[in-house]
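Following are the structures in question.
Here come two complexes built around chain A, the first alongside chain B, the second alongside chain C.
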Partner chain A sequence: MAETAPAISAHPLRRPPGVAIVLTLLVVVFAAAAPSFISSTNIANVLVQSTLLLLLSLPMTLVIMTEGLDLSMGAVLTLTSIIVAIVSLSTGSMALGLLAAVTVGTVFGLANGYLVAGLNIPPFVATLGTLGMAQGLALIASDGQSVVGIPRSVTEVYLASLFSVPLPIVIGVVAYLAFHGLLYHTRFGTYIFALGGNREALTYAGLSPTKLLIAVYAISGAMAGFAGLLMTARMNAGHPTAGLGLEFDAIAAVAVGGTSFERGNGWLLGTALGVLAVGVLRNGLNLLALPSSIQVASVGALVILALFFDGLRSRS
Partner chain B sequence: MTDIVKPVAPARAFLSDDFLQILYRLLAALMICTMLAVSTESFLYLANILNVLRQTSLLFFIASGLTLVVLTAGLDLSVGANVALSACVAGTVIHQSGQPVLGVFAALATGATVGVLNGAMVAALRIPSFIATYGMLWVLNGLTYWYMAGEVIHGFPPAFRQIGSGYLLGLPTPVYLLVIFLAIGAIFAQRTVWGQEIYAIGANPTAAQLSGIPMSRRLLLVYAMSGTMAGLASVIFLARLNSAEADIGESLTLPAIAAVLIGGTSLFGGVGSVFGTFVGALILTLVLNGMNLLAVNSSWQPLVTGVIVILAVWLDTKARRRRL
Partner chain C sequence: MSAALRIDATPSRDSPTPLLELRGICKSFPGVKALNEVSFAVWPGEVHMLLGENGAGKSSLMKVLCGAYNADAGEFIHHGTKVAIASSADAKRLGIAVIFQEFSLVPYLDIAQNIFLGREPNGRIPGTIDRRKLYRDARRVLDDIGFDIDPTVTVAKLGVAQQQMVEIAKAVSQNARILVMDEPTAALSDRESELLFRLIRRLKADGVAIVYISHRIAEVFALGDRISVLRDGRRVGEVDPARTTPDQLVRMMVGRSVDISYPRNFAATSGKTVLEVVGLSTSTGIADIDLVVREGEIVGLCGLVGSGRTEVARAIFGADLASAGKIIFDGHEKSGGPDEATRLGLALIPENRKSEGLALMRSVGDNLVLAALHKLFPSGLFEPRRARRVSDDLIAKLRIVTPSARQTVAFLSGGNQQKVVIGKWLAAGARLFIFDEPTRGIDVGAKAEIFALIDQLVAGGAAALLISSEQAEICHVCDRAYVMREGRIAGELARAELTEENIVRLGMHHG
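Let's turn to the complex of A and B:
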């Protein structure tokens, strides 16, 4: 692969098909190993369960495109999930819970953005620090206990259907389309490509890379807020450690999806396929009755493999 | 970013910059001590002071190997998970064989193997270190939870437990190990060619490569040392807790990174010292111990550690701009 063209010309469909091959392989292997894998209920199940990860992986793609990283996402998700639970429990309103969660998520995103872009702190350490802060706040807000007794209006978000399509799938599709539109059809999207590919060009064009970066991290935090609603709805509770580590699944989805960590070359469709690959992997191992610890280790191995191939590609 | 060639060996003037940096940090530790002595009754109890020293040693073992990695401008996020896996392996070996010595070797071997794998990913596959070791973190977590399957390995020979919870001439045993490894680490980093090459790699990788330093081998070495120190730390943890569980490493990585950064080692590589990390570990332990004594809910600990990490890196970033 000698891809010397500038990142901005990267067409969403003109990409090496690595992630499609990985996904196909996983589907074939699990279909052969576990007959129940290809039942329509299970496929719907995989899609519904992947929504949460998609909501995190889409903004993670943007962050990684800027040669950044958001390790705080899982902890912020945990915090916003607790906030949805607490606020909806005390007010009875799903909308207020969502508003509070997105606000808190955005504040964390802005803080991450400021630390990374304003203070020039390397993203993986800055977000590791805010990870600790969000995790601490989640423990403090919930007093280390599960928050239960969630109103029906919240759990409905996960259980309801729209024209007989489960609502989470609708949310996932809408989120994908929104991010696709943002990245490929707006100026802001082009600037995001430039943040990773050619940051100086932005400065010469009279734009502020600092503000753009802060915006990218803010989007990441806000999406963790939306995902918090979905997670509380899914678990019918707010749990103080539930989302920890989910940022790693998101990083895995992005890495498998072919977004490079070094050249600002993002690919949203690849991320969506990567989300499915991670979802299929976890679901398939689950059907084979392998413990969740094996799933965690497999996702880790998947990331290292994906990065290895990414490294090979970038050197050749 | 401008690549400015900096002198690799620190100047040995009486009040060199490095010396002052350490002195400031020791003064900060002294200030925290004074504040705690004034505001709490129990801080000055001998039992508490010894407890602080013991906790500092545990944190230092993990953080000292990590310091070498950070000196090369890398990061090892897998140390906590490595401690957990090594402790569980060592616990099994001791229970199966009845030989604590074999358990210690098993822990060191497990830790070192993980370290070598990390080093191979960074040096040979050229995967950015924070991502490679972050992937390793989850692989190790998965392996440990799968291996333990929710079990706890409990109860070790009293002689073995002395390593972690015993006393020798009135001081906790880990403190002696701390002194030994502090000396080894400081001499290795400051007074050996390999140690200076590690500084050189972090300060200016291009210059280091051009001057013929075997980059891959040295990188492999620092990650292997970081892994081995995590293996050693797991032995002490095992002996102190008298039990091995899959989740013992989860809250260790962030404090270890915090200790390295508070100690003045720069994330950008080439600046810092193993002794600084000791002081960093002492300061962090004092802060967390003080929160305990002031009856602050332990839920606040990750939050405070997170804030400290960010503050330390921010100061580091500012200092770096001054240096360049």
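Let's turn to the complex of A and C:
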């Protein structure tokens, strides 16, 4: 306890740049190995393809900051992408499809939140249960088949541009800014840090950790619903396994991005960089024409590598 | 004895009515009267010291003050009017803030966000925070208490002392007029403590009343305007530090009634050395521990909770690694972990017998042979009849009250569970028993039986190291005792010197 200002960095957001190092390495390696990698078309391609993962990884960051987990995200996305397909097919309206998807996603999120915060079921188990239910409903709703014949208004979401910037990139940037504002500039965001860091502090301050936690899971479900629209637009169909395993990519992106699974130590920009690292890795391996099995293994290796760099930093 | 020392001093006070007065507060838990008719008052601008041994009722009193516990009886008078403290909101409204040893801070928020958690100034858009005002207000609060630090620093980067300052800033920002602090210097260095004391004097000058719980005699005298001593849930007296000596205080604190009727036969001559510890240190906070335990002896290890007693036990057992020093068991230096300790004949009977000492959902018989599996069944094959014979023998020998060896341990009483733990190590052939608070949570009759059993063990050639917060117990049953203070052995007391007063004197920062 020094009486004069101690030599402590006043920048709470300064982080070990493991994810930045890894992302740079990946870009350099792929640029050298595949010249087409740094073409502007390909870079736009990486960004467009990363949007979907970003839409899941942003709320996943918040959930993980509460020392929780949402394994149901990929399955809820599958279900809502089928709902978008069915609703837009029968009504011809993209907006109604989106509304239905976000509603269903939010219901799943509220259910997760209630199971975790209200009934004290461990998040891993609770969201594994809802994962199964969402996946099952997706199979029932689609009858196990792809739902095709999607109206153009839906596919436009993926193909259109705004001021010659592809719409998915615009959506991704807006989503990032919205989450950044939410986490760092609102009361609710402040309380997310406390949900993982010290729930008692919230109780002492007269706030309800239960309600706050339910809200975090609800946001997660709503975002999975929104991402369902993008998925259907991208596939030009509602596919009953569209979101399979996406929750693992999202958890990987969050982990690569330097968010800790304990004590509410989260970093939203790191998550965005983590999403890019995963996107660059998949894209680069594609360009090198490596099989997709290698991609899956590489994402795993990526997580370990990024955490390794962070570990090196924090030890020194 | 202590009645003569009850100096009901009435020092001159600036204010005629106390800020807060407690009258006849009682609080009971099943089997314990935690607070018994405690009356107590704080005046603005004074530090009221609360002193007492482990379990004297200090934390219960603190929890009643902050609304975490509801008193069974008694009344609170705030500024001359009767009030209720039924919740933490009530306490907050009355201006009472408690700073626990476990802080209520959020590690990855910054200082300003922590100070105003739940009370953030509103920004222009609903739900947002006016960050400029937040940091400006935080700066003002920090200036008020004289803590020169950037309010944008993340709390996780702060040391314990700085985190404590943030807690105090938080309390001050909520206009706390009564600040309750639980052993605030427990984790601070001397220099940090000095800064804390300066802050306390500053708060006093502002008319804040401070209730300060401490174990350190020196700071009690340095800081206290009044001292209340608690013992067994009662306030045994209030004294004026200017007219009291440390020795008088110690005498007020001790004198708990001895509730063990078991008479021990003290051996005239001591046997051969079983355990010798030389200069033992660990990263868990104990340093330079020297101690000896001989055959036929019960050696006490006492000191305040947190003084390092359990850490010494764990290090001897090999559960924590030694960073320096030697542990010599039966003439051989021991270096391995719990495996080796068990094989050599060391038994640790942990404080938390339910989670660490017993397989609670298994039978009495299973538990009794658990530590002796290697010895009983060297081939690796379990022989139920043999196990049954061993466990029935132990049940009879230790007089464990159970319908049969098949009874689930969880359904036994505390005293009988403790016997099962002891029996388990007997079966394994243990020669040195380390008991960590063996009588906690068991009734008086069972206590006597446990001590009879320990006596029986050492009379049969074993040795025992007994950790207990019940100083009366130590004095009653031990041949010798070591007293710990802040991770070190503060002194050794021979049988003739073994009194509660001596233990307290050595265990506290004094004498």
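Following the convention adopted for this analysis, the second predicted complex is superposed on the first by the 290 of 316 C-alpha atoms of A that agree within 3 Å, B and C clash if a C-alpha of one lies under 4 Å from a C-alpha of the other, contacts with A are read in each partner's own complex, and residues count from 1 in each chain.
The rule is simple: a residue touches a chain if its C-beta (ideal position, glycine included) is under 8 Å from a C-beta of that chain, and two chains touch if they have at least 3 such contacts.
Just so it is clear, the structure is predicted and the values come from calculations on it, not from any experiment.
Engineer: Classify the contacts of A:L162 with the two partner chains as first (chain B alone), second (chain C alone), both, or neither.
Structural biologist: So A:L162 meets neither chain B nor chain C here.
Engineer: Should A:A95 be classified as contacting the first partner (chain B), the second (chain C), both, or neither?
Structural biologist: In the superposition, A:A95 touches no partner, neither chain B nor chain C.
Engineer: Once the structures are superposed on A, label A:R187 by its partner contacts, choosing first (chain B), second (chain C), both or neither.
Structural biologist: second
Engineer: Name the contact category of A:A44: first (chain B only), second (chain C only), both, or neither.
Structural biologist: After superposition on chain A, A:A44 lies in contact with neither partner.
Engineer: Who wins on chain A residues touched, chain B or chain C?
Structural biologist: Here the partner covering more residues of chain A is B.
Engineer: State whether A:A297 touches chain B only (first), chain C only (second), both chains, or neither.
Structural biologist: A:A297 sits against chain B, while chain C stays out of touch.
Engineer: Taking the contacts chain A makes with chain B in one complex and with chain C in the other, which residues are shared?
Structural biologist: none
Engineer: Mind listing the chain A positions that touch chain B in their complex?
Structural biologist: Listed in rising order, the residues are 69, 71, 115, 119-122, 124-126, 128-133, 135-137, 139-140, 143-144, 245, 248, 251, 255, 261-262, 291-301, 303-304, 307-308, 311, 315.
Engineer: Which positions of chain B touch chain A when the two form their complex?
Structural biologist: 75, 77, 121, 125-128, 130-132, 134-139, 141-146, 149, 254, 257, 261, 267, 297, 299-307, 309-310, 313-314, 317
Engineer: List the residues on chain C that touch chain A in their complex, please.
Structural biologist: Within the complex, chain C contacts chain A at residues 88-89, 104-110, 113-114, 117-120, 123, 127-129, 131, 146, 148-150, 152-154, 156-159, 161-162, 165, 188, 191-192, 195-196.
Engineer: Applying the document's contact rule, which stretches of chain A touch chain C when the two form their complex?
Structural biologist: 1-6, 8-12, 181, 185-188, 190-191, 193-194, 196-198, 200-202, 204-207, 263-266
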